[in-house]
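Every chain is named by a letter (A, B, C, D and E) in the order it is written, and numbering of its residues begins at 1.
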Amino acid sequence: MTKKPWISLGGIGVFAVLLLAVAPLVLSDHWLNNLGKYCCWAIAAVGIGLAWGRGGMLVMGQGVFFALGAYSMAMHLTLESAGDRVPGFMVLYDPLAPLPAFWEPFRGAGFTLLAIVLLPVVVAGILGYALFKRRVKGAYFAILTQALAVALATLISSTIRETGGDTGLSDFKYFFGFVLNDPANKIMVFLIAAGLLVVCLLVVWQLYRSRFGELLVATRDAEERVRFLGYDPANVKLVAFVVSALMASIGGAMFVPIVGIITPAEIGAAASILMIAGVAFGGRASLFGPALGAMAVGWGQSSLGSTWPDGWTYILGLLFIVVILFLPNGLSSLPARFAAARRRPEQKAAPSAATPELEEVRS
Amino acid sequence: MHVDALIAPLLNGSAQGALLLLAALGLSLTFGQMGVINMAHGEFLMLGAFAAYLVQQVITASDLSIPVALPVAFVVAGLFGLLLEVTIIQWMYRRPLDTLLVTVGVSLILQQAALQIFPSQGVPVEKPGWLDGQLTVLGYDWPLRQLFTILLATVCVAALSAWLKHTSFGRRIRATVHNRDLAETSGISTRTVDRLTFFTGSGLAGVAGVAASLIGGTNSQMGAQYIIPAFLVVAAGGIGQLKGTIIAAWAVGVALSYFAYWTTGSLAQVLAFILVIVFLQLRPQGLFTVRTRSLA
Amino acid sequence: MLELTDIEAGYGRTRVLHGVTVPSGKVVAVLGHNGAGKSTLLRLAIGLIKPSKGRVLFDGEDITSLAPNRRVARGMAYVPQGQQSFGQLTTLENLQLVADGRREGRALVDAQLDRFPALAQFATRKAGLLSGGQRQQLAIARALITEPKLLILDEPTEGIQPTIVAEIEQTIMQLAAGGMHVLLVEQHIGFALQAAERYVVLASGHVTQTGEGGKAATSTVRAAMAI
Amino acid sequence: GCGARAGDEAAGSATSAAPSCVDTSGPTVKLGFLNSLTGGMAISEKTVSNVLHMAADEINAGGGILGKKIAYVQEDGATDWPTFAEKTEKLLTQDCVAAIFGGWTSSSRKAVKPVVEKHNGLFFYPVQYEGLESSPNIYYTGATTNQQIIPAMDFLASRGVKKLFLAGSDYVFPRTANAIIKLYAAKLGIEIVGEEYVPLDKDDWTSQVAKIVAAKPDFIFNTINGSSNVGFVKAYYDAGLTAATTPIISVSIAEEEAPAMGHEVTGHYASWNYFQSLKTETNPKFIESWKAYPNSSGVTSDPMEAAYISLYLYKALVEAAGSFDVDAVNAAAKKNTITFDAPEGKVTLDGDNHHISKPGHIGQINANNQFDIAWASDKFIEPDPYLEGYDWFPADIRKQLTDAAG
Amino acid sequence: MTDASLVVTDLRVEFSGFVAVGGVSFDAHPGEVRFLIGPNGAGKTTCIDAITGLTKGTGSARLGEKELLGRQVHKIVRLGVGRTFQTASVFDELTVLQNLDIAAGRHRPAISLLRARRGVDPAIERALEETGLAGELTTPAGILSHGQKQWLEIAMLLVQDAKVLLLDEPVAGMSQDERTATGELLQRIAAKRIVLVVEHDMDFMRRYATRVTVLHQGRVLSQGTVAEVQADPRVQEVYLGTADAMTEG
């Protein structure tokens, strides 16, 4: 009980070495860049693990927060590339109009970084406060957040002059003064993303072993009961939700320089669900599960989707079905399962492992 | 402002609402009553549309084929629903939220299969001749096809509510949802109830698919555009509340239509979503709610 | 009527019952401390749990793998522990639910409403809004509507006011006298022994004592429970 | 971070592309095919992908390019623009292909563009588009605006159209095309009585069609892409509109789409360069080969033909250059001598803007869902992506656009 | 404030027209084990629900100077009012220790939530001793027996340092020995706190109650010592039964 967190910490250490030291040495530029992209999804996934796995909030609209980070970053990089001109894609629709007002502050690097951190905190804070105080949960919460992602993606698609629309923002030349085409800078960007992933893992590691982690699980399993212990469950959930939103935003922000393009499709319904797929696959309530799962799904998409495009869709579909049906706690629960199977069968085990039962759906 | 500008969106919106209602009706059973969040519901709708196409390949006179297609689509989609229930859903009643993710997988597979089986461009479903023409309402030429959608939705709602209310079946569904073990030990065959409910709910999606095939394209992607709005409608109406679903569907349809009239088609979608989200924010349990003593 | 032989059962990998045998009898009482496995035994009797070992016989027929609703159809009825009812259905609907499809269904419902006036008073209220005791009465009424051959009761008087407890106890005695078989879990050892033809004491999932009702002294039963 | 900073570019060569890894020393040359085989655009792109395979098979049967057989690497863009970018990078740096063919939506092209430019690769794009673009690393074998949109507008003017309604999908091609249409309409004296957009993945057009009915246009200019067209056509007929009174001219409905509308679309128009019904020397053979090709849709269409051309054009370029090297190929193009006997006629490549000359055609849909030619340009139209030959297009916009493109 | 009393005055709860509690007044003081009895549906649980903020009530329920009605559930808890439920509800997935640690948490500063737990809080150790759960420290609460869960709930109230314990049928389903243990536990606890027990087990009431309030149809029917209440013919009629059939060995 008391030893396990330190083993996990060691795990994070090994993971960090593999990612930050080994990967840049052994991978080609292309695959390192892809790995960077998976890291971005993994960062978001770590947040989803916190909100959904531990907190029981099925966040189906993390694309919204991913978008806040991604578009903040993309607007800055677009302006950086455009210099003092209005970005090219805007010219056609209204050649004489100035830069939209909300773009202007994103010229500043400091403002951009601040926005990446503060926007998700504020938006998730307001949204979460409103939803949790009114006790919106379970399927309602899931569908609402998903609807929000759809709405935002549609909004971006339909405001082509202001946001680039469906085509998105791309063709960035610089990253805070660094030339993006330079391979050395690409490695630097990768290291930043990978480093942030490690930091996020450390954050949830501490959260999970803290009293807050226990309280969060308690809230997930019996929200009303927590109320009768003198806590406001809304606040507990809010903290987890905001942290997960922040992580999604950071993932989104790093996605932009790495992938070089951001479009509404990356933040809409399908993308938001794909983020969840990785988390479910790896193990929603575990420490490493969400990150590794997201990376695995990302890799699957790049490589299997390449050699076998039709098949990949079927594999992805089956992945959802098989994992959720047979392994609700994801691949990371496999070792524990084997171990438990070998232990004395007489020993009492917890009634059901971490499967958040959400009554609201039916009540 | 011309009368048209006021009356046209109202009538168009009512038809849009009726289609939404058809899409949501099955969900109000499987989601509202059984607690299953079936993300493949849109693909069942698609199955209904493809069924209509296949029927038209056999019965080439579209005047006849659409009336025949309705029950066929119901059965086809219903059987797929039944298959889903028997193979997957039946193991998941104790963790309803997870059904959402499992059925996302199912929906991916069905979409991809449809893309590969049918021509990728989609297939044509022809409107019957008796739906050509318009009805003039207050100076606006209201397409008959829209009237048909509303009629179809009305018939389905009436049949469903009669079935739930005036047969013992409705009680059994509700009992099974509320407490599976207790229902079983009260002598109810919960397996039969589950299967029949899921069959019916999915079948209704098939019927919605026929209606949808008269409005838009019949292709592998068609279901995707209905799923989220349909869920929102069920949620906004109050889970398990048929009348709530009806009102919510109508309201969303009309709102969409007015928004589209005043702004753009894309912005209308955004505004309608925001409207529902804000509404649910104010009334998290939807229009109509059922109260029980919490924790008791 | 109902015979359980050498039952092993539990939840997941947790074994709760170890080689439990319950003999047939008109009224059989199962006694034991909290967590002894009494409810588990009854859940097994009605079919909610399947034994990993052992057999369940009803009326001479092996029903070990029969689904609960099938057992109900064969004449068993079950009142679970904890005042369970269908909260979203009204009191009346709760009763109609089990009366559906039976001849004289209406009359059966009315008979129970007569028996439990509190239910008649709140016939149109959602069962989820009833008080704990009212819900327990409803659960018993639901079971009785099916006119079972064997009635399985898990602590039927838990949470019920004394006057009604007395009534329920009387009802049980009457039903038994009228030929209904009863499998009963009760913490009121006095009543249980008085009503029972046979009793079984469970401790940590093992049978520690069996005997004839009536004659047994509560003190020896208590001793067996403590093991 | 030890890499180049902004402003360093001039000094060092740090930002120039890494040397190409293309290896043509063996008996084959690797090419990349990139289209959406899954997701929403698979509806349209599968056919393009398939016809590329046919062209490759034909070329291989004829001895290959510079004597080397084509070995193609097929990738799925999955209707996701970042995936297009990723796959482009993979094809160029991992698979080391000599050139990439494919794409459909302008969005996908815009995602590919920076990547091919960065790695100095080649991309052949086969679909009509909104113009106002050029890149040393992209060859455009579909129509630019002055080869499709402007002929269509000229045709409308010749028919005496006074009131025009614009209906389009909500993305870059229709938005840009309509911006150009509006500029030209002003010049032609055509009034734009309405402009409506619906997202690509939505097909309920009822509300918008009600607006069309109210606006009473003479003609509808349709820039809707994909299956959203079906919903548009259905709503159109539901509302009682007909080809006789309010005809539609489309730029994305071709032989393949027309029969899938679920309603007779006889009498409506489309503006393309190629139609299956064209009577050219090479067309019959093209149609025949396609009909015989596995998984063929049975009809030919403009985007297919443009995709088909693209591979042959590449063959011609390489053989003119005598090398697969990108710079050599571009240098060969600069000579402006590359031509190909395409099913639409003999097209010539413009080595400066990387577009090809094309005949303009307006077809009218007949009962067989084929197109009867209603108008044809008197000669091949030279490509003019920045509309430099059109004085109604504001020079300052053109300048800003070219400036922004760098 | 340790001697603050719970004073309920004219408490009313209505559910869409149905009066579940129709003007109930009673008080409870530290040092006594107060029983609330009455027929099924009399409104006992509803009283507790109203006092703890679970349902809306009118009238007044004061703990010392503080009015409880109208506050949010968790705020009422923070004033020192704790309750158990008719069906035990503990956090099944957490261990006994974790359950108790969470219950103890409301006295800690919020920031301490972010640190991991080190060792066992002395208050928790005391509560474990009191309730006899010391051996189950690392057992997941979900696999405790029914009776142990109820003790865990009481232990959670203890570490929460609740001044008022509202216990809804705490011994339902317990065997005789367990009842005795629980009764004695309640007597010990009551020394410094207000304990209000809802029970139908009259034997249990007779042994441990100091004062009793009888509710009937949402109103107070009778109030007094066990003997007084038992002697009240109205109580006998609606609740106890004239013969007082409760003869349990």
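Quick notes on this one:
One rule holds in what follows: a residue touches a chain if its C-beta (ideal position, glycine included) is under 8 Å from a C-beta of that chain, and two chains touch if they have at least 3 such contacts.
To keep track of the chains, here are their UniProt names: A, B = Urea transport system permease protein; C, E = Urea transport system ATP-binding protein.
Only a predicted model underlies this, so the values are computations on that prediction, with no experimental measurement involved.
Look at the CA centroids: the one farthest from the centroid of chain B belongs to E.
Between C-E and B-D, more C-beta contact pairs join the chains of B-D.
Centre-to-centre separation between chain A and chain D, using Cα means, comes to 36 Å.
Centre-to-centre separation between chain A and chain E, using Cα means, comes to 44 Å.
Note: centroid distance chain B to chain E, computed from Cα atoms, is 48 Å. Each of the following residues of chain A touches two or more other chains: 154, 157-158, 224-225, 310, 313, 348-349, 351, 363.
Counting partners per residue, chain B has 112, 177-178, 264, 266, 269, 292-296 as the residues that reach two or more other chains. Residue positions 45, 86-87, 89, 143 of chain E each touch two or more of the other chains. Interface of chain B with chain C (complex): residues 168, 171-172, 174-175, 177-179, 181-191, 240, 290-293, 296. On the side of chain C, the complex with chain B involves touching residues 46-48, 67-69, 72-73, 78, 80, 84-89, 93-94, 96-98, 100-101, 126, 128-129, 132, 142, 146.
Contacts from chain A toward chain B in the complex involve residues 58, 60, 130-131, 134-136, 138-140, 142-144, 146-148, 150-151, 154-155, 157-158, 224-225, 269, 273, 276-277, 280, 310, 313-314, 316-321, 324-325, 328, 355-358, 361-363. Those residues of chain B that touch chain A in the complex are listed here as 31, 35, 37, 88, 91-92, 94-98, 100-102, 104-109, 111-112, 116, 177-178, 228, 231-232, 235, 239, 264, 266-267, 269-270, 273-274, 276-277, 280-282, 284, 292, 294-295. Looking at the complex, you find that chain D touches chain B at residues 38, 40, 42-44, 46-47, 170, 196-199, 201-208, 210-211, 213-214, 227-231, 234-235, 237-240, 256-257, 259-263, 297.
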